């Protein structure tokens, strides 16, 4: 079980990612059939915990989509758990320094690259236990969120930490940290300049960059800008806006 | 706690209903905020059981929306349970005869109108236990699905059963039963004629008629036709079609 | 694993029963330590389903208390499931005729006494599978609720059905059926006369009678009257009234 | 999504089935990887309810194994729910007469063959909604349990009901009904004679016969006898006997 | 959605708080109706996790009660999660130094006051996303537990950390730390002197002080002493003591 | 409620331990009946979270088996929670230094030995709250995993930390850390030499040593070597290998 997301990156293709905030394996299945390259269970801001994240990963395993988890925080306990449960990618919020990046790699990589503990109880179901170990350090995508001014200040040293595969921009928090309102699909020149700097430094090191978006239309512009992991869909937002729209049609009618 | 859905019907207004198929209280909350008059937890075809139905009703109770449950079948055990848990309306599938309509009323109404057992454990939280009993037979909406040729054949006798507040057309099953494909938002003249007959007979007896729809646009035409309970939104369909649409935008881009 | 509840009845002692309406194994444990003879998971009016009932029975198994389940209705599927999951007693609502009593016995007793299907998956954990079968028909308590005028009319024929161990009076529904308000701890002479008739006919046949009460004080009078299975505690009521009382102390203070 | 189990039957091959009694999607995944042709979630005697059955079916969907559910009883509500949730086979306990077989078919087949209500919410994820409907009546396996003397007496009329694909022998209950102990892997001549009669009558009508076994060794003899759906593994028994064995090794050592 | 708890404090009123230890949304609803000003889900010592905490907060949202969570520990991952899920107050155990108080504020406040990550997925349901952000730093109550001698030693520096709204005394742990038995409703002079010192220093800075109590009678004395957040009720204790009392009545009778 | 595991150690007997990876209370019950001295819920690599760990501990409480939890990481929040929920032993992964051992003891022991917060909500159900406190520091087994070269380097200082009752070897991670493949039941001389060194240093201090094994046969050799806590059974492995074996028998047949 190689990681198709990494194949895409090696081929220069952008990975289209969906976002699972609703803690329902059935909702996850509906999304998995839609053709995303990857689906991310959001354990940070989503209404998800470990049990629901596992259920979502089980439910999407029947479909050709890479299971990714955004962990709630840079804590080795939960990072190890989601990897053992089969996540092929980990997105970690608030990686603001090289030390934090190093801690993230330690939690995600087996020795000698890191200090992940061995026991891929569900992850190894889809391969042989031996083969999982043989390739996990290569296959698992480790993605650090760059979402503060501090992270931008430390960008190069963060990116220099061996074992980081990608960075992921959180436009809401990054804006907040820059004294702006929290929002997605941003257009402020200073923000876009920061994006370009992240892309440039990441590309230079063979690291991909990703970004969280509110709409596929904006996400397309980000792919053109150079991002290779773009989130374009959020189940909770879709449920809410669809409901609001349908009610509005009725109230007008 | 009178039932605002019944107030709407008394005032001649149509009730706009959403459909909860995903077993998530959080998803239900998102819908509850959108402005529906009612939300129905679908325990028949939805991925819902009693526990998830209760959780959904708890989650929407903070919003001015009437909790309705479509039960899996015309069985008194589960009907009593959802009413005790606070459903202010019950939609029952496949009511094909006066005897089945009578069984439905028996399960939903306290004596002497029916044989519902007393114990409104959660329903009474929102009122006094005594006041719930005093008005439950009046407030609870009992809605029988008319969705087979047999039901159409027995329509008058079904509608004559005291205690039925409404009928609800299931266009998929009704079509199937008429030898057509199962689908919603139908336009076949013989189907529309059946709808009109249901409306006519129901109106004659002060019973409202409702219908399951795929789109609010079609639902508006049904309101004009005379339906007073129209489902216009389904969370599962919304999650799926939104995802397919967003992926398509990306693949084209 | 003989059934201590039946031992008590054979010895002429009354069984003190608690009522589990809150679907929490932890809450059930708290009750199990209090010294009840039996605890009943209420799947009819309680916020309980099969999964929560199993969890409650697992949680109380460490304590010397007999696990009983009130099933939602006289349906063989759920009756078999709770027995297989370890219930040593079944209380069935709304047994209004000999035919319904016979159906209840069929669901609870192995052939040749009834038609229960063999597979005591959890029940047999606490004995040997072979020994469970050998004594289950003797050990399981089958208790029919007498809670309508119709049941009173059919009382003798219901009690004559072989395999019924006990009857249980639901004062709320019985009152409703007699044209009274639904309430517990009743004092109307015609109701008490009905209780006495149930006691007399049951005793005559070696069947015990039980009753649902709101307070232990009233329950004691029922024990004196002859009842041998008395419910005296309800977790939901206790949580609610305790909270109301404590808030009142504060508001006065 | 044709049903590989039916393909096997058409080709004369026996289907090797595993039995899921532990309500854990993770346990189900472990089994799904072992190479069974089918896995059956046992909602009758297993510690399973609808929610856990759905979770198990979601978890095994990534593997080439046919999802089957044994329902708790011959009740249309739960039968429709498990089919809508994706079961490709239904095993129904205690089908003792042609009328009960007819009710089972009604619950499992769309009109005009039966009266199943349309709404394959999860089942259709793995195909197009339209294509599911087109082939469901052909693809879904409807399997009636023959496990009482009464069923043997009515065998021919049960098998003559159109829409039954298979019968499944429950050796425990069948033995009980014949006045024997409940057990599996039976060797009594009168029981084996009954098996042969079932096989003969089923084969004559193009219906397959299946049987519940405790060991694969015995199951092989049943395949040779003519059974084409053989259960050979039970997760709960495996957990228990494995634990007992390992503890015994330690206590001896 | 301003925070009524903060309004009370501004008006000098004491907030009456209940404690949810049983992981049941239904139990929480029963409490919510009793008239508490606030209800706290105890994720530290209660049998609560994130999923049950969310369910409890959903269930009480229909009632005018402020949702508070005591987190298991001073860890940013879980603090962010409960705030995003709608907690309007956070009680954090074992804040023993200014550095720990600063970490707590960082986890609870958006920049520039702290480093909370933006994504109020459920919290924003009850307002507009924009309006939640605008007022969250003002509305969310951040409450540090003072429950060790070390915390008393560092009291002034802890209280000087900007962004702390309140302190909460844990009498059990505080006693333990002072070499006494762990208990509530304490009367030792040295303990009461410590309480008074906390009150004095907190008041001086416009910070409220709260305390955990076993009885409303004792809590009233604490209100008179100056505490403005008093816990007076615990669901688990209520279930247990009520059961013990009712059983005792029966055993005596 | 003294801890029988500690009694065994005082008597020089080895404790036979089973491993619960499948998040099912029912599976745990099956294991509990098999005669293990202890059962460990694996929250690190098992598919377990806090809620499932509590359910497993509730389910095994009816059997004479000591409940142990392997926590996901050396974090005080979760350690306190599992102890409050009734764990009588804690196994903590990756204790690599005296400081980490000290943190573990702080999380597990009440003052003055450590800094555990008082609130044994479920733990105290099985004794009196007062008696739990009186003996918890003595009864709870605190077990540090030695599973890296770094831990071996720091072995003596780790073992010198007051309050550590035992060490537990993780052969997979230890091997990894030594540049070997991750596996159990190891035979490499350098690994066995490390085991002996751990045993010698632990014994010298009255600390027991334990080890994770794949088979009881190997575990017996470890008991002879001096280990006094040996894991011999894993539910997930048992389910998987049993299924593979039974399918293989069928495919050969």
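The chains carry the letters A, B, C, D, E and F, assigned in the order they are written, with residues numbered from 1 in each.
Note that in this section a residue touches a chain if its C-beta (ideal position, glycine included) is under 8 Å from a C-beta of that chain, and two chains touch if they have at least 3 such contacts.
Which chain is which protein? Per UniProt: A, B, C, D, E, F = 2,4-dihydroxyhept-2-ene-1,7-dioic acid aldolase.
Note that this is a predicted model, so its numbers are computed, not measured.
Shared contact partners of subunit B and subunit C, listed by label: D, E.
Shared contact partners of subunit C and subunit F, listed by label: D, E. A separation of 39 Å divides the Cα centre of subunit A from that of subunit B. Averaged Cα coordinates give subunit C a centre that lies 34 Å from the centre of subunit D. In this assembly, the C-alpha centroid of subunit A lies 52 Å from the C-alpha centroid of subunit C. In subunit E, the residues touching two or more other chains are 21, 23, 26, 30, 33, 47, 49, 51, 54, 75, 78, 122, 236. Taken pair by pair, the chains that touch are A-B, A-D, A-E, A-F, B-C, B-D, B-E, C-D, C-E, C-F, D-F, E-F.
Taken in their complex, subunit C has these residues touching subunit F: 25-26, 29-30, 33, 54-55, 58-59, 61-62, 122, 125-126.
By the touch criterion stated above, subunit F contacts subunit A in their complex at residues 21, 23, 44-47, 49, 51-52, 71-73, 75, 78, 93-94, 147-148, 170, 172-173, 176-177, 179, 181-182, 236. Across the complex, subunit D is touched by residues 16, 18, 21-24, 26-27, 30-31, 33-36, 47, 215-217, 219-220, 223, 230, 232-233, 235-236, 238-240, 242-244, 246-247, 249-251, 253 of subunit F. On the side of subunit F, the complex with subunit E involves touching residues 49-51, 54, 75-78, 80-81, 84-85, 110-112, 115, 117-122, 130, 133.
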